[in-house]
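Structure first, then comments.
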């Protein structure tokens, strides 16, 4: 048996108040659940409390529904929201792409080999280019072209795929269209984008060319939740890579690919392992 | 008020058993202590449990002695050992050096500017070279020369300084003598050494020259607790730096200085913030 | 036109002697070749000189054969060996694998998207597992099983593929068999292996388990030329990744995959761009 | 003898044109100077060529003046500017500070132990705080207070110290005043500033607080030449450090100190070793 095979994850947050940890840990003990790993953090500035617990029921026949109902009751006085993730669960996701395939290819490899606990339900693109790659992995590919005029219709199509697929997470793996404000709101906290620069350094288009112009000695990538404010959503994780004068813009693009793949994959892993919490326009991330 | 000004730290460990987290968190709640940060880990292989808690008493007049006595009673059934560290406490330390001064200089700077919560009670050396640096900082400097014959006497002198100064931690900041087995045993878990290589890569003497011979492309440093087995004590943290063919042994030595300073300072900070736990020949380190 | 489209590369080495740079640069000027990038290094300890030049012929009709013949004559008195690589050249390679596919998958992606200037002529394995992945990329897959008894025959088969394919480089992408001494000699300087530890730290089998046992805080990977002395060949590049107490051996294996892929791909890129020179049991690597 | 004891450095640049390398290397050979290390780069976009050469005269009695005069004549047709640096030369510098002492302390340590080939002629500050630290190192300390009204006079005083000390480099080691446009022009290419963020991310005041607000997961520092455009001068090198949700602004400030020290020291070393060339608003940096 691998070490995670019997481990449940509980993630919760609420306003700061005496007893926030106790309400979780006492409940777990009463239910005879052994805590194997726990992290909590209280943000003094936002007045919010966050807790993530890995635990193993000591007795057979753990009843998740009963557990959640009872815990909700117990935690009500703390206004605590919580999520319970069973061992081995694969989170249903939809991936959105345009033409660049490096991030998609990387995610598909990790998916295929079981390195990322996700279940890719569909791939959506505004271009047809990546259909065959998707098909080789046996994943439905939806090509929804987009123009300025057809944007609302296109987003309605995208939304339908997300809804019908049951996706809990949308991964923008170098999807080069700006989502509408409505779409951002609907996907708040459950859509991760990879921006190919170290935000807030170079927002907008062609960040590697901007980086070249400025002569920076480091380039990077930022994985963040999308929100209304393009390239300004809460940051999950960032990666960085040294560059030199001998790197022309096309070299920076090439060097950036690796760091984009790694940064996006790390962000997705953190999210599906329930390690990321929204804290206003920032995040709390419990690293392993 | 700075954010740490009212934060107590409790660090504890015991054999794995249902209720280990609860016994800590329930007690804190009963005593009206608010947990601002907590990390726990259960090592499935060693069967040991570790927990570190930062908390803030909600009411004035927190009585540490009463707290500890009551907690010891409560936790007795878990065979739990624990330590309580008050806000702003400076841990008393003794630093041991030989001739190289880079690590000492770095520690003294952090000490002088309040970046490391330590109280340097004495500096001990087998050479006279670093006396004036110590004196400028107003710290007693003990020069105890050593030869193969006088080693037992010299170590007795060192031990006396440690004892009389009340040091809880001994920092071997490039002390180039091997401690006797007795001394290692006495200092188990409370003496940190900086080894100038990425252990277990290059043990023993002149690791940079070994690294050059092997043509490695990375050099590093390892901070570890000392034990009987030279250069094999439990590792706390490691640092690394890229090198190239153009780095001769003397260049590796120079590059290594920075990484040694940073790695040792980080290990000391982790130790005095009670983030490090011994787990047989390994460590558990709760990073911030 | 991309920046590399008209750039030739010349790599040369010889014993140290006055005029080693001049013999290269004067010749290039006479032939009206403009040097866009040049790096040279003289190893004082081994008494060897290394030079790598990128240049652009200023006139049309550059005759590579005439250039090489004339240069060989000119450089003869320096006992200089040299190689000339035309713009856009793809180096023919054979990849050897066993069952693990992460490095192969990564190399195939870079190959397919033109990120690595290689031409994969064949994939050889002692297992049948990775045949379909190879076939999807349209690359011949040779399954040559091996036992202790059949090793000489199997290596003869492997050698035949290398010979007939015209491969100039063999990439051991987690090939889990030890090559015979004869094979190592034949492939000296043109076979790159990825070892999944920071050599010389953990040689031999299961290095991640060794790393876990020792409680190291960094794991890494080493790309090196193979030689007779298993896991001791000249190091090309190394990568590293922090780990924690919460990483069990299987987590180290998983974390190691990314660093293995990146380290191997970087070594291959350095090699095919003629940036690596053998310098006895070490290497000279001219980074961009 | 250490390896650098007999090594001269020649750094040169000019517009791109056939023969730029040859004019340097042929001259060196004629003068019987052996090239131990050389790097050149042609920037296709700016049309500028850069070359750095380390060499060792093979015969005694090397006459630097004669060498330079003759080379200037030879290189005139290329409009090449060049500098010759003798072995063991210490570059005269002036350091400017305000109240923060971490960068100054670090530079003084490297200076005192011979790790940086500089000769600190004076320290200038708008505050008296760091006088005793300077005095312990035996370096003249000039306290020139500044107000909006007295800025021109203060800068005149500063300039006088720079002039009279013969400083070739001015290091702004957390000097918290904006230099006037005239001062920036006068110091163009020979004043290095450390900015405590990853430019162009967070310009202006309190970058760590800005970083906290944005919730970034990496902080960094940028060493750059000053120019008229505050925080926008040509970048020499940048350093970076991961941070987490648990780092409050004061923690970011503390973490930033180490990376500021290291980044500034690295930039100064690159400059005094003649590894940095101005290339319009960018730099060419030949790393070792």
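We call the chains A, B, C and D, going by the order they appear; numbering starts again at 1 in every chain.
The working rule: contacts are C-beta pairs under 8 Å (C-beta built on N, C-alpha and C of every residue); 3 or more make two chains touch, one makes a residue touch a chain.
Note that this is a predicted model, so its numbers are computed, not measured.
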{"item": "Chain located farthest away, centre of subunit C as origin (C-alpha)", "value": "B"}
{"item": "Between the pairs A-D and A-B, the one where more C-beta pairs touch", "value": "A-D"}
{"item": "For subunit A paired with subunit D, centre-to-centre distance based on mean C-alpha positions, whole Å", "value": "41"}
{"item": "Computed distance of Cα centres, subunit B from subunit A, in Å", "value": "36"}
{"item": "Shared interface positions of subunit C, touching two or more other chains", "value": "3, 37, 41, 44, 244, 246, 248, 287"}
{"item": "Interfacial residue positions of subunit D with respect to subunit A in the complex", "value": "41, 43-45, 198-202, 214-218, 220, 234-238, 240, 244-246, 248, 279, 281-285, 287"}
{"item": "Subunit A-touching residues of subunit C, taken from the complex the two chains share", "value": "2-3, 37, 101-102, 105, 109, 113, 115, 136, 244, 246-248, 250-251, 254, 257-258, 262, 288"}
{"item": "Sites on subunit D touched by subunit C in the complex", "value": "3, 16, 18-22, 25-26, 28-29, 32, 34-42, 44, 58, 287"}
